[in-house]
């Protein structure tokens, strides 16, 4: 299994350097990859359908409990076969559809990446691994949706899709991590074992919310569905692959996978039923009003996903069976419809159904494929779609509560829409007279029409003969979801019962709706109401507000003025210090510990403070410099008095040099600016004085802290005997702490080089970097 | 036992810088020296890491004075891994600079100062003495001032004024903190301080002292509300410089914060909560900034701020898991952010601009480079299994354990905005068709193959590193696990230093 | 005896410094202030240095004191000249009681100083 | 050559004064440093007569200490008494001194003498501009200075 | 700024200050002083000279560009830092010449280190100040 | 004396901050210098004051025979002074260059709009 | 009265007072040159003070600081003159 997942990744990587080999017909070879995988997994079918679950595991990041653990059960197998099977066909189709495209090799690269991600997702037996693949599907689909990257629409759709699914992914991650935290492991098996602990945890609602948020975004449930119609900007094979059969189903898959872990609770049930129910109805109605073939298909897909969510929400074994079958049903008819749409688009240059008619005469086999798939979608008896629909009604009708009938009604309404949509997409373009401008349409290469036809034929095949699919595909899948055996016996004909009546009624109303030209629905109040519910627009607007807020916020904090930054920083510092000083409580000062004040002390400090005062007040720069040097000299004398001759010397020479520096630099500068706003000055004064006071208080507190451990005794002892110097400060500087000195001279050198380059280097405006 | 390998990287970069100063204005020689030194630095860093990984904490008593009397250099797993990662990043930048830096800048000391900067970073990681750390910080900031202003364009200098003023403020806080620390303990050796801090009678002083360190390092690492210098300046210098800054400078602040707040100070609940709140605001601030900027380097700068929040949040939660996440994130972030700014430089060479409105068409013309860049971009986002993914799991797990839900939310939203911004950038810069603006010019195309190789290979190298980190996360997690053990149980560190 | 000499020396020294400072405060114009300070302070410090040389028995202290005095003698007139010249150039007002100003008009635009008023430059 | 040697000798004396140890080795070392410094400075100017008469220089030094004390008493009196006695003025003084050294020493000496201060020297190095505190009569001041200090100084120097 | 007095004064102050700076340098280990202050005083000597004679003339005296003193000084300090490595000791360990040297007292790598500092400080200060004088617009 | 110095330190910090909050670049610089001085005195004070006992071992002695001032803060301050000299030199020149480029001493003029980025 | 007491109670106060008086001139100005010469005098007084202080504390070491002051203080004055001349 690992190899099958890695195969696609590996080939995709190979395509980066060797892509140019596959830019022409040779690209067909790439279909071998999904083909081989399909064959590999189909041979596992007997084992799985007999109820086995295959495991495979390889250590990867054991510290996090992430191993390359794979699990092949019925549910995975169902998806794997869809992914690889439809994948093979899509690959074949695409090699012809995108023939000669300059990025053909990259297209296949992304597609392979996507396929591997999907395979990994459905196979993984570890929630983090699952999540890794989940994100990979988002990313690879980003590249696929934005494949026509020169078009702005395409790029925007890709970005929207990635944003929605990406956000969902991150939120899902939080949910998964929490789940893992409760279970103590990220292995799916362990999590399954802790299902009751998770459900019983007080965090369950949050975990569920996070989880479902992720699942809903990916499976395009209302109100996150809007990215999906947008994603139709992708080349049609992508739509067929991602948006019918696979990626959107990832959301469904994960809900199915976690049903035993999170499902079964009221919260789960109602959330899924409400969201799914609303989505399915909403999308199915809207699908009828679209003129773009892909739009119709997109909305009907959303509707189908709604149905699946709805069914998972109901969660009875009937519902699960219905869901499993419907996954297969939907994939089998939706993929050919997309592929057919692609052919139409490719050959006629339009997808507008009002501009398409009579194509059946020029595109015979294509019409056959489209028609059969459309019929399956409509749920005509003896197509696989009929069976799917059948099971849905069976589910709702079997519900014991009074809700059963309401839900059945809901399902009927939805299905009526889907019938219409299926016919619109599968029949409408092929019926009627050939339009003048469509007469010159040619049949495409068989590589393009055979795949949809094959799938359409499968719809019929399974429709006639559902037992095999039921027993071999659906039954193990149901077991995979429910973790228990439930017999799935699909029959073409159950006898004439309520369900059949409902199915036929659905079909009938759908056909009538189709014939009445559903585009007219557009003007009905219901549709305009539904159309007015545009979460995409709302979210877009919210995003605009969000951005506006972000701008305001950024402009407030990062307003470009240095002093405003300093003020904010100082206020922050003061807040912290005040809090800490307040917390530290009162303290007493032992004045006897302090040395007495001499006359010279007073003189030094008086001069220092006087000069400081003048520095602050003067409006002449030079006076400020003079005063600053007085401050320096006062400090120098202070150092002399308090036993630091080295410091005094250094302070004095450096001070003198600073004066020289100032003098050399400053003489061309204008006098100080005077921006005298009393308010501002007062504010700044208060801020600064508070800061100064805090520092004073802190100093006092440190001074009353009793005697310290004296490391200098060591220096005093060894400065001469080992350091061979009498001036302990110098011995510290060149020996004990010579490293400080060594690198402080580096600071000096760098500063001087900086000055040198700052003054001498003038880049010409043409020079960059 | 003292071991000179510890300061191997420091010495190599020092010698390189001195040699380059001796070869003043001989740019070719400087380039060779730079790349050689960076490579030797990498080897030395690998050797150090290998030693520490296998035999535990190493120390070196500078000038042969035992701690706490002399300056001690300590290589524990944390510092030696940072040295290693720094060596990788600096090798990349050095190679990139050899072709990507204007010759005029090389004539005025670009390379020696770059090596001084790298030396400073290594010194800061390795020193076990708080005042020596201050000296290293000063080496770093003066070098960064010079690199930031080298070339003297208007925007550069304007940014530099703010950068300088606020960084000097940071140094002031730091130095004040050291003064207070010396006042209450009489020691400067970090291990010694770790022993002495609890014995200070008035513990409130210890807290006050820690606030100064928080402020000083907070400014360095661009934590809200101390981050202002970063978005004011990082978009101005040449890209190779911005890469060094973006990748490494703020991270030294983070390193220092981790070191000080795990070894010397033990944060109380108030401080932890404060860190968490700051982290949340940092993330939010960064992501807002990133969202609204159109210039690549401007939003990269904001992203730096945003992701600093992740790491500070990890420290704030202060559990092993949280710190594992933060440290892992730190490793990832250094490599990726460095690479991001190199990429920004590459983009400017390809198009002559950094404004996403003017950019476009790179994917069409340079598909392979574009794909490599995509890989880097998405590893920044943390798309699994690339390097940014793993630490987030730890962070979220810790968020759950410590009930830091808001922080977890901020991490998620921050990651989302990162994703959005990066995807938008990809779409605008690479996918969009080339702009017809006359300011757009491709200087890359005309370059010699060697130059092209010099420009692209560092990006590829760092890209491979982050992919490897992602794929072999197990190893990194083991390392990170041991690092956090060292942080939680400081006794071995103290024993190694004080003997 | 030595003590008395020392007291005498230090007192005179300190007083000269005091006079210099009073002078700098009281004198009515800049040049007078300058004139007063240079000499008085140099003398005062010289005397203090002399006492230091007497107090410390070591030879090198004496030489040090001599060196300091020597340096002061060398530098202070130069400094006074520099600042005096520049003050005059910058057009500082002379005291109202000034008798004579022969420097007036002798500087040309480039601050070159002529010997005679009619000298061409 | 001779002048440089003398300068060198002076420097070694200063060195000995600084270090305060009159060992032979120390003097030799001071001489070496002085030599090195002179070598570094590499002066090429001709005709610089440095300290040809060391003893007279020392005499001059003591003379001025004396003058200094005298001056100070006068000024001190003026400073502490409320009334001002001075009659200041700036005087143009034609020098006899010619070489740089002469001029320099002369101006130093004048600046250190009571009530006089050199403000500037003319470009052609012929005229001193002196600020005088107690200026009774311009010509008598010039005469006094010429015959007093300048003469004495030039005697030593020439 | 042309002043004959200053020019002459700086002619004799330069050697005196240089001498003094050297004095500060070599006795720093025993009394206040050392490489830093020594270097600062030496550079002040040259700065003074440059005030009187102009930077160009001062540069002629030094002969080398002050910038080139930086690698020399830094190199000396680095060498003294690294020298102990060859004796298998930690960097920066002081190595001493076994006998006392007249004038200097104990001579060892610390003196070399301090001399490096001295030269470097001269180079740094002069580079900064001379560049400013020459290139300020 | 300690009390006086405590007061002085507070005032120095306050004035340094106040100067940094002005709009003039030169005042910013003065503020930085004042803060530097403030920090130095703080270290000096907190390292304990000892009057008239420099940490220099008298000739003829091997160790101190008297109390002596703590040499460590002195060494630290020395390093800090030298470092801040380097920074100051650079800062002065930087501000000068900015002044020439922007033609203003006003810190508020240092905002090249984002549109001018390249 | 010993010499030290005399220094403490007479000389040092005189010097301190002188310093403050000079400082008043520095504050008052009115011109920059007045401040510069006041600064110069302050430094000179500082030299005197340090000398007395070294007598008082019996540490001739401090005279070294005085020596540095004496040698280089006038550089400041020269620099200010340089500045003022450039400006006029």
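We call the chains A, B, C, D, E, F and G, going by the order they appear; numbering starts again at 1 in every chain.
In this text, contacts are C-beta pairs under 8 Å (C-beta built on N, C-alpha and C of every residue); 3 or more make two chains touch, one makes a residue touch a chain.
These figures come from a predicted structure and were not determined experimentally.
Considering every other chain in turn, the ones in contact with both chain C and chain F prove to be E, G.
Common neighbours of chain F and chain G, listed by label, are A, E.
Ranking B-E and A-E by contacting C-beta pairs places A-E first. Distance between chain centres (mean CA atoms), chain A to chain D: 85 Å.
Our note on geometry: chain B versus chain F, Cα centroid distance of 27 Å, whole angstroms.
Centres computed as Cα averages put chain E at a distance of 24 Å from chain F.
Averaging Cα coordinates per chain places chain A and chain F 49 Å apart. Among the residues of chain A, those touching two or more other chains are numbered 560, 562, 566, 598, 602, 641, 645-646, 648-650, 653-654, 656-657, 660-661, 664-666, 695, 702-703, 710-711, 715, 726-727, 729, 733, 735, 737-741, 744-756, 758-760, 768. Annotation for chain B: residues touching 2 or more other chains are 14, 21, 62-63, 131, 135, 138, 142, 145-146, 149, 152, 161-162, 165, 169, 176, 180, 183, 188, 348, 352. In chain D, the residues touching two or more other chains are 14, 18-19, 107-108, 118, 120-121, 123.
Interfaces, counted as pairs of touching chains, are A-B, A-E, A-F, A-G, B-E, B-F, C-D, C-E, C-G, D-E, E-F, E-G, F-G.
On the chain F side of its complex with chain E, the touching residues are 54, 56, 59, 78, 82, 86, 89, 93, 96, 100. Residues 14, 17, 21, 62-63, 65, 68-71, 100-102, 104-105, 107-109, 112-113, 116, 119-120, 123, 131-132, 135-136, 138-139, 142-143, 145-146, 149-153, 161-162, 165-166, 169, 173, 176, 180, 183-188, 196, 200-202, 204-205, 207-208, 211, 214-215, 219, 225-226, 228-229, 231-232, 238-240, 270, 274, 284-285, 287-289, 291-292, 345, 348-349, 352, 363, 367-368, 371, 378, 383-385, 389-390, 392-394, 396-397, 400-401, 408, 412, 415-416, 419-420, 423-424, 427-428, 430-433, 443, 473-474, 477-478, 481 of chain B are the ones that touch chain A when the two sit in their complex. Residue ranges of chain C in contact with chain E, taken from their complex: 71, 74-75, 77-78, 81-82, 85, 111-112.
Across the complex, chain A is touched by residues 24, 28-37, 40-41, 43-44, 47, 67, 70, 73-74, 77-78, 81, 92, 94, 96, 105-106, 108, 110, 113-114, 116-117, 120-121, 123-125, 127-129, 131-133, 135-137 of chain E.
Only residues 8, 12-13, 15-17, 19-20, 23, 26-27, 29, 32, 35-36, 39, 42-43, 46, 49-50, 53, 61-62, 64-65, 68-69, 72-73, 75-76, 79-80, 82-84, 86-87 of chain G touch chain A when the two sit together in their complex.
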